[in-house]
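Contents: one structure, followed by commentary.
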Amino acid sequence: MLERLPPEIVALLVTRRFRDGDVVNLGIGMPLYCALNPPQDVEVIYHSEQGLLGFGPILDPVPDGHRLQTAGGHFVAPRPGMSFMSHDASFALVRGGFIDYTVLGALEVDAEGNLANFMRPGRLSGSVGGAPDLAQCARNTYVMMTHTSRDGAPKVVQRCTLPLTAARCVDRIYTDVAVMQVLDGKMMVEEYAPGWTLDDIQHITGAQLVASPVMREISLQ
Amino acid sequence: MLERLPPEIVALLVTRRFRDGDVVNLGIGMPLYCALNPPQDVEVIYHSEQGLLGFGPILDPVPDGHRLQTAGGHFVAPRPGMSFMSHDASFALVRGGFIDYTVLGALEVDAEGNLANFMRPGRLSGSVGGAPDLAQCARNTYVMMTHTSRDGAPKVVQRCTLPLTAARCVDRIYTDVAVMQVLDGKMMVEEYAPGWTLDDIQHITGAQLVASPVMREISLQ
Amino acid sequence: MQRRGEHPVINKVVPSFDEAVSDVNDGASIHVGGFIGPADWPAYLISALGRKGAKDLTVACCNMSGIGPIAREQLAGEEALRGFTGMAGTGMDHVTVALLIERGQVRKGITTFSAPMRGSTGSAFESMLEQGRIQLELVGQGTLAERIRAAKAGIPAFYTPVGVGTPLAAGRETRTFDGVECVLEQALHADFALIRAAAADRYGNLVWEHPSSFNATMAGAATITIAEVDRLVDVGDLGPAEIEVPGVLVDRVVVRPPVPMKSWREEH
Amino acid sequence: MQRRGEHPVINKVVPSFDEAVSDVNDGASIHVGGFIGPADWPAYLISALGRKGAKDLTVACCNMSGIGPIAREQLAGEEALRGFTGMAGTGMDHVTVALLIERGQVRKGITTFSAPMRGSTGSAFESMLEQGRIQLELVGQGTLAERIRAAKAGIPAFYTPVGVGTPLAAGRETRTFDGVECVLEQALHADFALIRAAAADRYGNLVWEHPSSFNATMAGAATITIAEVDRLVDVGDLGPAEIEVPGVLVDRVVVRPPVPMKSWREEH
């Protein structure tokens, strides 16, 4: 049985891309792990949908009476340089291209970079939040999710079947078995979990995989 | 020789329309007289284009180092309740219909309520400022001007010949001889300067005048 | 400082929440601020609208998922309803727009969240939707915020690249600008906006001490904007650069009592 | 407070005005803040751009009327050029975009004022226009502000009722919404924005103590936004609700020297 990476490790693969001054929005679901262990050696500016920019780490425990929260509901510390604004100003930043990285959970992602993450199969109702704007307009849209669903079905697919949140928007997918770049309709494996081969990953993937010219085993070095 | 009203008196006719809480933008030119002698018994909120709302009276003399100015360049006093904003937010208020009265100067106004005030005859260049937005979007667009130009030509005309600032926007015209309501393509005289008849006014007007059912002599009572 | 001594002439302060919403009739369209924390919701205004009972409302609100206080009482007893002070630890135990949904007052919701959040106990909205008793217009947060901002800014419609090729933009016209396909979105105006702010003066000038979220965005995007505030201050106490929403966008101000809010059941 | 002690890792402060505008090349499009008072203009940045001499610029600026310092010196001698401190009594004796116009660096102006103001001594713009040496796009202030705001907000185009039936909307598409005829206006982005603010921190967070006018509107509406500020403060000195423009919209910050600005002739 091949081992899958724990989400804490996947999060490190994502966050090591952040550079000083990058503006980052972390979605709910698995991207939370990026927030739980933010990179310590770079000065990242975290954005939250309701008009919060540059907040500090998640607080645990939460001091009595503390109100500062992210859109995901986590209580966070204030941080020098932080600023507040309205929802329209917050999404003017998003649509205007001022978010360097958004990391979103997903139900399905496909080889065209389409993202489906707001409506579960068989439901009438959805939770779309700010994902359409973030996915479409961030400079880098990353998906972070398990490679397969709880019942083992592929979440990386050739063509999404669930309603799309945003079209042709995903740049990279970080799963518990691989890092894939979505480029020109190809799903290119850049990194794979230790012990896994391209064939192993292809076996649990709904999209045709291609090895990136720089494909290598995941390493935290 | 019939006497014309001094601008100070015309200004009083305009400002007596203001009620508590009204938001008022006063243009450059003759509307300045409204600012020089603001109504004392109502709480009017004055708007200035560059993001200034609720300022106080014009200062004369101007204290050394004082910076607070209107878009017309007059130094004004701060006033409790005053607020500052950006130019886009300021004109969101204008376009959004939050200005109750704008009082603008004009080169020509016509019976359709068209306003021409940004380009003098024979010029290539203009001064349009915020007038297109103010004239089009204020709840009440008033023009305050001399009834005729310096060379005696009518400024109240059947159809403007100068480039329009805004179309079908003027509600009332306050001149040194009459107050006219522009309604359904008619130029209706509501008030006239003491001693003047409708015929006298018609004689120096380029538009066909109609007596308002409530036409009366101007009185400051 | 007031211009006429003891007699302020602009005074938008309304003495009670019930009076503030007394002219919200059946069929009205309403913007409701609030998103995450309890302290960002106009809880008293929502409760007053629940008491008033106006029906067939069209409500735009960022988050319409979760359960209302009635279902919550049934689930967890009255204790879960206490502590509406908007502080950490209260979780979802506060009055949100879900109250109006579970009381059957809402005909249509325009929102970014109608499904239950992961780990939450349910969504009144989704139950009503399955029963065919409510309509849903699901919108992304950026488009919702910009449509509401457009309504107050006198912009009838605008183009955005967001939503192209998804069901969220179904039925919208598209057009390409600089090689990017965009959809045409229309301004979203309402009859009433119910919002929450930290402080106000009698002019209706508003300030926040936390992100103002949809509360500031909705101010002025309705015919009547009603602000529920934690405290009233004198005119002049709020500095001109500090005021986030000028009073000209606000029609009514109601001040929250300093004591914790009672539960829906206690009060009715 | 900094995350890594003595070593700030985000630092947008540039040591000189000349360095701040060093990559403004011929043919660049530039938004320039400033409108009425001397203290609202990025005077040092404009002077630096004058020294750099970049030509064929497309400049958007609220007010491009008036005369520049060169003509003013000829008219009134050097004394009229002193006192650039932005205080009352300095009148129009300050560096505005007119400097770039009279030096022939501007190919096209997008503005709300190109003609001389009543009572002023002239307009460099109008002289150039009569000589066929500059192009004019005259725009109302609301449409200019909204087009620039649209550029930073990712809105490629919007409809407005302003300008319909006037030469200001000549050539624009029109469309009727709710019975009101509107024109389609497009976002106005630039390569550089030169703006002025009261204070900044090293993140580029900006605050104003007076109406921020086009200075705040233009922040972020260009590929590179450069802010000229009266003073630099520590990160954390500006409160989160106080910051009007967040640093993510600002690329470079340059601090004005505390001494009065020299005249153009004195310096060159």
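What to note about this one:
Chains here go by letter, A, B, C and D, matching the order in which they are written, and residues are numbered from 1 within each.
The rule is short, and it goes like this: contacts are C-beta pairs under 8 Å (C-beta built on N, C-alpha and C of every residue); 3 or more make two chains touch, one makes a residue touch a chain.
In this text, all values refer to a predicted model and were calculated from it rather than measured experimentally.
Touching chain B and chain C together: D.
Each of A-D and B-D has its own count of C-beta contacts, and the greater count is at B-D.
Measuring from the averaged C-alpha position of chain C to that of chain D gives a distance of 36 Å. Rounded to whole angstrom units, the spacing between the C-alpha centres of chain A and chain C is 29. Of all residues in chain A, those touching 2 or more other chains are 84-85, 92, 94-95, 137, listed in ascending order.
Residues of chain D found to touch two or more other chains are 146, 149, 153-155, 160-161, 208, 210, 241, 244. Viewed as a contact network, the protein chains fit none of the simple shapes, being neither a path, a ring, a star nor fully connected.
Looking at which chains touch one another, you get A-C, A-D, B-C, B-D, C-D.
Contact residues on chain B toward chain C in their complex (touch as defined above): 20-21, 23, 41-43, 45, 53-54, 78, 80-85, 92-98, 137. For chain C in complex with chain D, the touching residues are 146, 150, 153-161, 177-178, 180, 182, 186, 207-210, 241-242, 244.
Chain C makes touch with chain A in their complex at residues 35-37, 39-40, 62, 65, 86-89, 112-115, 117-118, 123, 125-126, 129-130, 136, 138-143, 145-146, 148-149, 160-168, 208, 210-217, 244.
Remark: chain A residues 28-29, 48-52, 62-71, 73, 75, 84-88, 90-92, 94-95, 114, 118-120, 123-133, 136-137, 163-168 touch chain C in the complex. Listed in rising order, the residues of chain D touching chain A in the complex are 1-4, 8-10, 149, 151-155, 201, 203, 205, 220, 234-236, 238, 240-241, 243, 246-249.
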